[in-house]
Structures are given as structure tokens and as C-alpha cells.
Amino acid sequence: MAFLDIFKYKTFEHGIHLKDSKDRTCDQAIRRLPFSPILIVPLSQHFGKPAKSIVRKGQEVVRGEVIAQSDGFMSVPIHAPASGKIKEIELFPTARGPKTESIVIETWAGASQRLGQTEANNISQMSREELIQAVQNTGMVGLGGAGFPTHVKLSVPEGYSIDTLVVNGCECEPYLTTDHRLMLEHPQELLQGINMLMKTLGAKQAIIGIEDNKMDAINAIKNQLSGFESIHVKVVKTHYPQGSEKLLIKVLLGREVPSGGFPYQVGVVVQNIATLRQLGVLLPNNQGLIERVITVTGPGVKKPGNYLVPLGTPIRFLLDYVGFSGTANHLILGGPMMGSTVSSLDVPITKPVSGLLVFNEQSVEKETGEIYPCIKCARCVEACPMFLNPSMLGQLAAKREYESMQEDYNLMDCFECGCCSYVCPSNIPLVQYFRISKSVMRERAVSQ
Amino acid sequence: MIELRTSPHVKGTLSLPQIMRHVVYALLPICAFAVYQFGLSALALLIVVTLSCVLTELLFNRLASKNTTIHDNSAYITGILLALTLPPGFPLWMGAVAGFVAIALGKSLFGGIGFNPFNPALMGRAFVQAAFPVAITSWTPAAMNDRFSQFIPSSLSFPFALPSVNDAISEATPLALHKFEATTTSFNHLFFGFSSGSLGETSSLLIMLCGAYLILRGMMGWRIPAAILLSSAVLSGLFYLVDNSQYPSPIFMLTSGGLMLGALFMATDPVSAPVTLKGMWVFGFLIGILTIIIRLFGGLPEGIMYAILLANASVPLIEAVTQPRKFGWLSNRDEK
Amino acid sequence: MPTDSVSFIFLNAFLMNNFVLALFLGICPFLGVSGKLKTAWSMGLATTLVMLISSLSAYFINQLLVYFEIEFLRLICYIAVIASAVQLVEMSMKKFSPTLFRALGIFLPLITTNCAILGLALFQTFKEYNLIQSLAYSTGAGAGFVLAIVLMAGLREKLELANLPNTSQGAAMSLMLAGMLSLSFMGFAGLGN
Amino acid sequence: MTDTEQAIIAMAAKKTSSLAMVITLGLVAMLSGLLVVITWQLTLEPIEKNKRIMIEKAIFQVIADAQYRQTYAITNKGLVSGEQGDGLPFYAAFDKTGQLKGIAIASAAQGYAGMVNLLYGYDPVCECIRGFSIIKMAETPGLGDKILTDEKFLTNFKALDARIDSDNNALKNAIVSVKHGSKSNPWEVDAISGATITSKAVAKAINQSAQVILPKLKPYISQLIYTPVEKQE
Amino acid sequence: MPIKEDHSITADTFLDGVWKDNPVFVMLLGMCPVLAVTNSVVNALAMGIATTFVLICSSVLISLLRKLIPKEVRIATYIVIIATFVTITDYVIQAISLELYNALGAFIQLIVVNCMILGRAEAYASKNKPLKTMINGLGMGLGFTIALLCLGSVRELLGNGSLLGFSIFGAQFQPWVVMILPPGGFFVLGSWLLLFNWIEERKKNNTATSKVSHAGAAASKGAS
Amino acid sequence: MEFSSESINQLLLTATFMAGLGIFLALLLSFANRYLYVFEDPRIDEVEELLPHANCGACGTPGCRPFAEALVAREVDPGLCTVNAIEMNQVIADFLGVEVTQHEQLVARLACAGGSHVAHTRANYEGLKTCRAAALVSGGGKGCSWACLGLEDCGTVCDFDAITFNKFSLPVVDADLCTACGDCVAECPKDLFSLEPVAHKLWVACNNKDNMDESEAHCDVACNACNRCVSDAPEGLITIQNSLATIDYSKNGLASQVAIERCPTGAIVWKDYNSESQRGHQSHKIIRKEPIHRIEPLPRA
């Protein structure tokens, strides 16, 4: 009766159906990766202002110790991912492109790498403000991809109140299985995290939205739900990009986040599974975010799996450890739909990175295709979950009509999900066009 | 070396040449049936028109010093569809002219595939219809006995000379019969295709099957054909209800003439149709309504070609008023 | 439909014998002001307005000329009156709606020297239309002009995004497009029989 | 502000006096009027002649053997000679001897691409229509204009039945066009295939006018006498 | 006016209108008669001559009066003058041949609104001396007539198989009816312009340096 | 033809009618002229005629017409239009009776010399061939994060064809054609262009903020912050900021070729108007004539 599932679970309009390619890793339990001899910790791993380094070259640090302080509200501190010596503070490449200041730590080989001592938090006694401050102290940012500081999301602006915490367990990107594994292996910690955040937000309920290709995870959570009356699990259809917060809110609650607005405007905060589970661990113990689970997979990888990786581990080390076949030449941080390729093996794993995909030559070649002019086939229009007109946007971008794209065709509402590029039979790099156009328009807005 | 690429790093498998190839496949049964019905002349016409389209495309690639664009397969579709809309005894040289005009005027002038505002095949046909109105309204009956041994005389007329007209073998199409002589052809004939008419318009059953194949394979959209068939059925149904002695039944309307071929294969040409989903409905309704109006009240028995061309011309306007409403627009407005 | 009925007169001028695409009247503004949809739209409306004005003035002047039996002055009187009327409209527009004036720019005087306007006045006289019929004729012609110029402008705007070969840019392309539109409008021929 | 600047602004702001405008335009208009009226008076005669020749050519084409013609109209008051505003006009054609050879009547109907204006000849003796000629039409060359060249079509008008019915207020049999090759009655017009619409228009134009004018005309036939003295207009 | 008026008469005064500023092919003026009456060579020629006549007469008169006409009423005055000559032409043609008159239809009277004539009046006659104006008008008129003939000959040849009424290809020729229909007018003029564009391009490419043209370069990089 | 009384009558009637019509219309128009007239300074049109119609915006107004309006209103100076010939600006100035101040001539300068023969490529960029697109994908494939990507965005936006590309895909500005409109400055995603007075002859043709070995690892002509130019130049003219030699142009009067002499990489140059930039004699020679691709080796499993 599998085909009846189509009618069973809710989904949003438009979007695309993708082959999920998750079977190679979804059964692999999370394993810990050894410490790399060198850890490169960029000061800017999150959305917002970079942290301020408080260490000197040559200084010795203990795992878990704060090595950079938050610089204002839109910023979070950074903790040492391993005990060792500060080798230097230098410019290093990041996934985003421009080099940024990074703290390079030489880890102590053979040392125990025990965590530094911290004073536990007494959650039940803390006020809202104190809780938010505690969240900021953990250095927590969204682990779902954007790296938005979590405490900022919790500080709901005056005049709005949150009734629902939506927990994003969709993991709609193909290949990635970190959230899947976390739900299976640590449901209790996840539920703790949700509970704490609900308290912070004053939310009446929490809804965990999970795609129907993770039935085992759904059951694992449901089994633990007793005692958490206001937390519900809702199954949604496997459909890309189900995990985008705006669409998930629409599917679960029927509320539409206004264009250009944020979820709090409709009384919702969305957090990713990994974020909440991590908070569930860190917040009571008042610890900092120093490691995360990522999925390492792809046709080129020999030992695919979900690894618990210290932040700052260079890709070079990771690749050496998992091994790969073929000439791996296409390295993607994140999922295949929204992730970005890296230009250097020195690029480190940072807080928002949820996966490393390695595509070797063959799989890359198949995808390249000649670019034809747009034939107005409307596949992209049918795919765009934001109800834009990518065909028109693409044509305008090719002619550099950026103003018209923004004013007449809502360029800024595009969240770069990639559905349009995926379906385009003419192989037009639509998302790339839109990214260029948005960057130009943002620049113009600043210069005016 | 590391490759730098931009997301998405995976791609759907359907590519443009592939889509076009499948449309050609879907047209082949219709071609085969046309050859079966009209014999040698039909075969020759199909070959000449398609060849003319392909050669013209090559010529203009050369003139514009571009790489050849034949391998995207779209010129074949133009050629085949154009041939399918011509009468079986259409002089071959005129067919070649039609093919040339279709690609030159209808496509290359605008810079090739993707940019033509009008359906190239129909542009070619409209041109020869205006240039050679007699030849294009001379119909030959289907399934003549000697069709596989002999050409229809007018087919082989000398280039640029008047075609020899043989009144004895001419026969009016079901639509002309209805318009000018008030006789209706039976449903079976229309549905299974044993009536006179253009090469590819005779069997609505076959056309529907081939179109359904394309729709089910995801090679073309369903909205436009649905809108055309729906609107023409409803409008002709209304007239039929008002006066069934003067106006033909919707079934007759749907199965006769080029409506089915046009709705499934020509209005669906993605390039000259709107790209917005609502726009597709408007486009289809416009075509359906115009077709019925021209058929019932116009000077010509068939209106689908002009209806599609007029709708093509309206596409920019249709798109201007049917842009999709972005996600979250409603709440946005409420807030203001 | 009887050929002297108001609806036939309207439809005839609107579609079957479209002033621009079938009768070749008003080609200059049709080619000149069809670059942008918005301007084309205002130009169309302005032309329709002037058509109504000229149709009305022509009707009454003709009565006067017939009364004095000096029909040979028809052409001069029509054009002089129409030109002045348009100049008045132009000046009022400049005064009262500078934005509209800017949009139409130098093309407002072009409307005066537009065959469609004078053609309309002359044809309605030849066809001996009465006042109501004249009005139907001029609204039909105006609507036809709007339709033609708006379709044209839409197509031209769309082609702005195309990779046109260098050879087919500019006026040549506009004329070919007009030809294709005119070819499509042949579908309306014989409507209403 | 510099001097030039002031001068320019002053020049732009200076308004022509109304009197100058009135005088110029009035004078120019008057001169134009004079020029036109003189041209008109000078060309009046040749133009009239051209028109007459054209009409006569058309009339003599549809009525065999005619040599002279005269214009009449049927008004409420009866037959009057000369064109009359509200009457139904027609031309009577006479041969050399002044004998009435036929009557030519103008009519029009909507064709494929516009009005088809024609003149047809009525023979009061056989009570039939003997021919038509086109004054103006915009039908497709090569198609619609077959009505002038197609022999088979023209034979329809050798003697097209146009008898009046017994009540004397309409044609006995309406003139209609039928599908090519199916003419079976003398009042039917066999259409041209490929130009059905234009053929239809011809039949329609003749029928429309004949239905109205012939019954009214009938009582006056005998009064149509050639009067050579009348000034031909 | 900072740039001085130039009263000298050169060959260009005449030739500009014929080729460089050809009213039809280059300036796209007076398009209606160009398209409407060029379905035969005779009509094209008659129209060309009539227009030239009106153009010369009216612009010379306007040039003579140019100092006297107040600028507020200049358009009205010009139009009255032009209309006068058009009416005269109209009656003269009627007097010469009614058949020709009927073939040209209302377009003789529509010469009044031929943008070329008023345009010349505004831009040239009102600023130049009568002789210069006349020579320029002659050139413009010739250019206009040539353009009409270019169209008329192609349309008559293809659409009717004849030139000036003489059959060229014989009775067996299949006429291309579309050429004498409205779309044909647009297509033939469009094709002439395409041809000129193409020749221009050719010339440009031959003399062009290796420099690429930038217009749409980004687009062609992406999408072709 | 004889003049019958009828025709005389007709003549008179016509003349009166036409005169009447003429007078009526003239009255109407003069009325309109009086009550509907809108004053517009006629000089705006004339000044606009004299402008180049490039609508480039280099003058600081959105286009030539607004500039003309501003000129007539005496708000700006004709010399601001850098596209117009100097004589033409003089004509405008004379017409409006104002002075032209000659503005310092600016020209677009590129702060990078890393053509494909000296700057290494680290990764192979696949995608839209524009600089901005490449810059958004991990900063493009060049080893130096600040380097010119050479995909010609600046050339595409230049309306005056002033930017061409040498065979190492590096933009070359023709100072004669450059109007200093600033389009390339705004366009370059790596912010390598700036508008500099031609008088600024001493120039650092590099934007690399790595130091020492790291910078030279990716590019042969990088500024490696070795400090030699700083010590050779007059006090305070050159400083090292963010590992990059930086010239204080307020002290431009002190600049001379001495500063470039000992630069080991030739990153600091002397630029004369439109001639090739001069490198110091002690800078190492650039021998390679072909583009290079340094391929970063991938670890093998």
C-alpha cells in the first residue's frame, strides 16, 4: 500500500521529489573522530559579528575553554575544541571564500582531552533573561545550516509572543543523516532540549516535524514521549525542501510567514534537531559548543558514516581518515542541494556544517550538460516553493536587469533552495544567477 | 584538482534534447498513420518539409557563425508538425517554402530556440496559407486506392508554377462541409480518422494517445490542452444548446479539424506559451474561445491556427497579469 | 450581423479591418511608441481619446460644410480643427498631468500627424455614418489601435530578453513582428458573415 | 545673471500677441481656401466627366447595347428624375433609338475582406438580371476577384431570375448562392469553390437591393422614357 | 543658439534625403502610404510623385513665410498649407485618372498627415531659405519615391508576377498572394531593412578590430 | 472658364469661411497659450544637446538631462562631465556664462598584477563565466584570495570600451578612453579598481593581505610586506597596513621612483600616463609566458 502514502502525509505546494541517497549512512551509528594534530578555528562561524579572540600565540588552552568572546548581541563565544597550544592567529580560507582570521591550535598528542570543569546551571531556577544569556554562553548557533545565533532567535522582539516551537527534523537534503541518527540515538537529550527551549520561549507546545522516510526515528521519539505532554510528533511527506522553516510552518500549522519576515511574526520559532539535542546536553552543564555530528558520504567515500567531529578539523584530516576512491574533486560542505564546494583542503569544519560530500569524477561528469536558452517550459515555475518565476528571473539576470528582478519579480524572496536549477532541462544555472543578482542588489543597497 | 561548482550539485535527468526527442517519437505514429492514409504524397511532404526546416536551421547557424543547433532536435519537430498541418496534395515546393519561412522567419530571426514569440510551425503555415490560399484549401480524400503507387498530381507541380488542380479528386474537410454545406461528419470517422483533412489532423484518437504519452512521461504540461479542450467544449456546447440545428455539437467540434493536434502539440510548444501556471489556463481558454468563434462566425472553416498565433501574441500580456504570487504575500499585505 | 449595426461597425474597426494591421493607418506611432508596454498603453489611450475628439469634430464640421455646399474644403477643415484640438489636449495635459505628458513625451504632437486620426474622420464621412455610428467606429478604431500597439509592445519587451542576432535588431525586427501580427489578424477576416 | 541669459529667458517668456496669431492664421487660411476653391472650380469639369465616363462604362457593361443613360430615384412621392437624397436611386439605360434596354442599380454587401460594391443590370423584359460589375472591393486578389474572371460564375448572370411575386412587394424567389456545381434553379447563383464568401456576397448584394427596389420600380417602368434634352449630370 | 546656421547648399543637401537620411529606410517616416499603396509599381510611383509635389510646394511656401509665422500657431499654419496642396493634388489626380485615384484610395488625402512632410516643415523649412529647402525637399521626395518603388516592385513581382502591369513570369506563375496583402507590406519592408542591416554588419565585421562588443556579452557567456 | 456669379459667390463664401475658421482657431490657441502655458527654460534643451548623451552618471547626476537642468540652475560646473570633449564643455560654459574648472583627471586603476602567468590557480571553477559568480563560489579558483579573476565583468560594464584584457586575462585600462565613470569600481566583486588621479604615479599593484611566504606561495608578484619600499621612500609616504604596502597620497609630492627600486616582487610600480607600469630593477624577472595552473595535490587514501 506504499502508494497510498501519497495521500497520508501533508506537504507544501510545488517543490521537487528527490532520490534521497541516504541508505549508505542512515544505519551507521555515530562514531567519534580522533583529534587532528592541527585545528583551525575561524572567529566567524556564525551569522553576525565575528567573535573577539582572547588568546595569544603560544598560549595553552584546555578543551572547552573560551578562546574568543562574543562581540555584542549578534555574536557568540568560541570554545577550544581541544586542549593544546595556540600556534598562530592568521588568515585562513573558509567555505564562504574570503580568508578570515582563525585561531590555529596545535593539539596535544596523547593527552586525555578531558573537558575543563564548568559550573552546572540550575535550569529550573533561572529567569528568561538568564536562560537566554546561558544559551549565548554555550556558543550555540543553528546547526541546521544557516548558523544563526540561537539566543537571538530566543529573544523575541517586543509585542510578539511565541506559542509553538517547531522542531525541524525533516532533513530533506539527500545524503545527510545526522539528524536522523541523533533522533534515533539521543531522543531523551533532544526532548530535554526541547523542554528547556519551550520554557525559555514560553511556548505552549512543540511540534517535531519529521519526513516519512525516517519512520524508525519517529518511533524512537514517540516511545520516549511519555512525560512530555505538550510535545507532538508530526509526520510530513518526503519532499524537497520540506525542511525550510517557512514551508514547515505552513505544513504543520497552516501559517504563512510574511514575505521578508521571520517566524516569530506568526508566533513560531524553528530549531533544528541537532541544535536542540546539543542544547539539551550543553545547557544544564554550562558547557560550550566544541563538536558536532556530520555525515561524511558520497560516491567517493570509502568509510561513509556519521562522525562526531571536533570543530576546526581540517577537511584534509577528515578525508584522510575516511578514505576515498577515484580522484575526489568535488567536495561539498552541507547537502547536495544547498551546500557549497570548497577550494582548499585547509577549510575547517565549522558549527553550521552538517555534512561533507565527496563526488568523484564520474558522478560529476554525468551532471554537466550543455547550457541552452530558456525554453519557457515552466518546470522551474512549477518547482519553486516560494512561488517565484525563475524563468523570468534567469532571463533578466542574463541581461543584468537586477533592479527589475528585485522590484517586479521578488528576487529577494528566493532562498536558493535549488529546485529550479535541478529541474531545468536547459541546464541554466538559475540559482547561481540569483545569488549574483542578490549580491549585486545588496551591494547597491549598501552603497546608497 | 578541486572543482568549484555552485549548488545544486545534483541535477534532474531530463534535458532539452531529450524532451524534444520524445516529442518526435510521439509524432511518429501520427506520421505513420498519415502515410497510411494519404500514401506517397504524404511521405514525400513530410520528408521535404522536415528537410527544409533542418537545412534552413543549418543555413542560419552558418550565417550567424554559431555552432549548429540541430542536435537539440527542435527543428525536426517544427518540420514534422508543419507537414502534419498541410493538405496531402500540397505541392512539395510550397512545402519547402513553408519550412524555410517557419525556421527563418519564425525562429532564426529571433535568435534561435527559446526566443521565438510565435510558434514557428504555425508561422510557416500561416505564411503559405496567405501566400497560396488555393493550394492550401484543396483537400484530397483519404485512403484512395492508388495512394501507394501514385503521387497526388498537385504534389509534384513545378516549383513556382501553379499547381495542377484536379477537381475530380478534391473533397471538402469535415469542417468545410459543415460550414459551407451544413453536413456533419460522423463521430466514428472523425475519431478514428477516416476523413479528409491535413496529414496529421484526421484521427483524434491517435493524437490523444500520443499526447497522453508525452503528458504522462512529464515531457509536456497538461494545463494548456486541458484548458483548450475544456473551453472549446463549453463554448460550443452553449451554442449547441441554444440552437442545435445551426451549431454543431461539442463532440464534433473537438474531434474535427486541427483542434486536437493544435491543442496537444502546437499550443503546448513551451517557447511560445506562457511560463506562468495561471497564464497557461488563460492562454488555453483564449485559444479555445477564439477557435470556436472563428469556426462559427469567421470567414474560414478552421480557426485553431490563427487562435494559437493570436494567443502567442498575447503571451507577454498574459504573463504580465498572471505572475505567481510569492509565498507570504498575503500576510505581508495584512500587516501594512 | 448587419453591416451598419453599431456592433458590427465597432468589431470591424477593432478586429477585422484593424486600423493598424489591416488598413495601415497610424504606423508611425505604432512603430515608434511600442518599445515599452506602459508607454504604449498610454499612447493607445491618448490616441483613442484624440480619435473620439476628431470623430466628433469631423461629424459636426461635415454638417456645416454640407450646409454651405463647400465640401471641397473638407480636408483642410478637418485637419486644421483636429490639429488644434490635439494641441489643446496636449497643452492641458502638460499643465494638469506633467507625468502623463512626460510619458508620452514628443509623441503627443505625433498623434496629430497620425494617419489613423484623419483616416478615421475621412472614412466615417465616406461611409456616411451617423453620429452614433461614428462614435462606434472611432471607439472600435481606438480599441483596435490599443490592442495592436499593446500586443506589439508586449512582444518587443519580451524580445529585449532574447539574444537577437545583430542583423534583426531595431526597426527591421519591429516590422517583421508587425507583419506576423498582421498575419495572425487575418484570422479575423470575414468574421460576422 | 548674465546678459545673454536674461535675453534668452526674456525671449522665451515673450508671448506673441493674439492679434498677430489671429491675423496670420486667418490670412493663411483664407489664402488656402482661395487656392483650393480655384483648383476645385478648374478641375470640376474634367472630374465630372471622368465620373460620368466611369459610371457609364459600368452601366453599359451590365446592360448590353445601351448608349444613353438617365438617373432616377424612387421616393415616397413616386418616380423623380435625378439623384434624390432620400430616394432609391437607379440608372435607366437606353439604346441609340431611345428605347429602354435595362436598369442599372448599385448595391453592396459584406465580402471576405470588406464591402463588395457592385452595379447590376436588370432587364425588365425578361424580368431577370443580366450582369454585374464591381465598383469597389477589397477581396483577395487571385481568390475573391475570380468573380470577375471565372467563366462559370459569370454564366450565372446570363439570365438570373428576378421575377416579382404576386403581391408585388418582394421577389418571387430570393436570389441565393448555392454550393459550387449544385445550381438547379434560374434564381440560384452557383458559387466559386475557394471563393464562396465573395460569391455569396455578390448574390446577397443583388438580392438585398432587388427585393426592395424592383417591386417599387415595376409600376414606373413604362414612365422611363429617354429625354435627350436633359442635362446629363 | 550656440551653433551657427549654415546656409550653404552642397550636394549633400540633395543627397542626404536620397540615401543617408532616407525618410523611409532610415528615418521610418510616412510609413502608412509606404505600406498601403505599394502593392503595385504604378501606385507606388503615383504616390511618390504626389508626395514629392506636396512636399516641395508646402516646404517652399513655409520657408518663404517662416519669419512671419508666430511659433504658437505654426503647426496649425503648416498643416493648413500642407492640406491646401494635398487638396489640389487630390483634385488634379481625379481629373487625370479616376482609376488611379480609386487605387490610391484615401491615401492621397492622407498625405496631409505624412509625418515626413510635417517633419520637414518643422525641422527644415522653418529654418532654411526657400532654395535650399526646395533642393532638400526634392532629395527627400526622391528618396521617398525610390523606397516606394523598392517595395512596389518586389510586391508586384512576387504577388502578381508582373511589373508595371506587364506579366514577367508568364501565366503559369503561382502568385504569392501574401505579398499584396497587409502582412506582405510589413514583411517586404522588414526584409529590405534586414538586408541593409546585414550589409552594415558585414562592413562592420570586415573593418572591426578584435574587440568584442559588450552588449549582452554576459548573456552569451551564460546562455548560448 | 468664365466667372459665373455662382462661382464668384463660392469664392467669397470660401474665403470668409476659411478666414473665420482661421481666426477662430487662432483665438482658441492664443487662449490656450495664455492659460495653459507651462514655462520651461529653453536653455535646458540646448545644453542637453551639447552633452554627449552617454548618460553614464560620472558627473554625479543620474543622467545627461538632469545634469543639464543642474547646469542651467548653476548648481554644478560643466567640467564635471568627463565624457565630453573639453572644448564642448567650454562651449557650454560660454553659453551659460560660467567658468569651467578643470577637474583633476581621474583614471581607473587595478590593484592587482596577478595575471594567469604569475598567480596560481588552486581549484578549477566551473559555472557562469563571470567574476561575480566565481567570487561567490569559495572566492573563485585562484590561489590568492584577493586576486583578479579575469572573467571580464569590468570590461563588460565599461560603456566606453576602455578596458581590454591581456593574454593573461588581466584588465588593461586605456587612460584615453577611461572617463572615470566608476562603473568598473562598482562592478568588481574583488574591489580591485579605484579611481585615481593620473598624478598618483606610485602605485601598489597588489591587494594581498597574507604575509611573507604565504603571499608568495600563490603569486609571483605579490606584496609580501617586506618593508623595503617603506624604508626607501620618504618618511610616512608608505606604510605597511594589513601586510600590504599602503601609500599615503596626501604626501604624493614626495613620491619618486626610488620607492620601487628594491621591491623583490615588483608589487609596487611607477605608472606614467598610459604607458606600461615600471617595476623596480631589483625585482625578479618574470620569465613565464604561459598561464600556469598549480594543482593542489589531493591526499591519497
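Labels A, B, C, D, E and F are assigned to the chains in the order they are written; within every chain, residues are numbered from 1.
In this section, contacts are C-beta pairs under 8 Å (C-beta built on N, C-alpha and C of every residue); 3 or more make two chains touch, one makes a residue touch a chain.
Every value quoted in this text rests on a predicted model; they were computed, and no experiment measured them.
Asks: Can you list every chain that touches subunit A and also touches subunit E?
Replies: Both subunit A and subunit E are touched by B, C, F, going by the contact rule given at the top.
Asks: Name the chain whose C-alpha centroid is most distant from the C-alpha centroid of subunit A.
Replies: Greatest centre separation from subunit A goes to chain D.
Asks: Looking at B-D and D-E, which one has the bigger number of contacting C-beta pairs?
Replies: It is D-E, judged by the count of C-beta pairs in contact.
Asks: So, comparing C-alpha centroids, which chain is the farthest one from subunit F?
Replies: Centroid comparison gives D as the farthest chain from subunit F.
Asks: Distance from the CA centroid of subunit C to that of subunit E, rounded to the nearest Å?
Replies: The separation of the two C-alpha centroids amounts to 20 Å.
Asks: For subunit E versus subunit F, what separation do you get between their C-alpha means, in angstrom?
Replies: Roughly 42 Å, centre to centre.
Asks: Could you state the distance in Å from the CA-based centre of subunit B to that of subunit F?
Replies: 51
Asks: From the mean C-alpha coordinate of subunit C to that of subunit D, what's the distance rounded to whole Å?
Replies: 28
Asks: Multi-chain contacts only, two chains or more: what residues does subunit D have there?
Replies: In subunit D, 15-16, 21, 24-25, 28-29, 32-33, 36-37, 40, 112, 140, 142-143, 197 touch at least two other chains.
Asks: Quick check on subunit C: which residues sit in contact with 2+ other chains?
Replies: Only 22, 70, 72-73, 76, 80, 84, 87, 163, 168, 173, 176, 180, 183, 186, 189-190, 192-193 qualify.
Asks: Give me the residue numbers in subunit F that touch at least two other chains, ranges are fine.
Replies: 10, 14, 17-18, 21-22, 25-26, 29-30, 33, 37, 95, 122-124, 126-128, 130, 133, 136-138, 140-141, 296, 298
Asks: Within the complex, which stretch of subunit B touches subunit E?
Replies: Result: residues 66, 105, 127, 130-133, 135, 158, 160-163 of subunit B touch subunit E.
Asks: So in the complex, the part of subunit F that touches subunit D is made up of which residues?
Replies: 1, 7, 10-11, 14-15, 17-23, 25-27, 29-30, 33-34, 37, 39, 41-43, 95-97
Asks: What residues of subunit E sit close enough to touch subunit F in their complex?
Replies: Result: residues 1-2, 72-73, 76, 80, 211, 214, 217-218, 221-222 of subunit E touch subunit F.
Asks: For a test of understanding, state which residues of subunit B touch subunit D in their complex under the given definition.
Replies: It is residues 133-134, 137, 180-181, 299 of subunit B that touch subunit D.
Asks: Which residues of subunit E touch subunit C in the complex?
Replies: Touching subunit C from subunit E are residues 28-33, 35-36, 75-76, 79-80, 82-84, 86-87, 90-91, 106, 109-110, 112-115, 118-119, 178, 181-187, 189-191, 193-194, 196-198, 201, 216, 219-220, 223-224.
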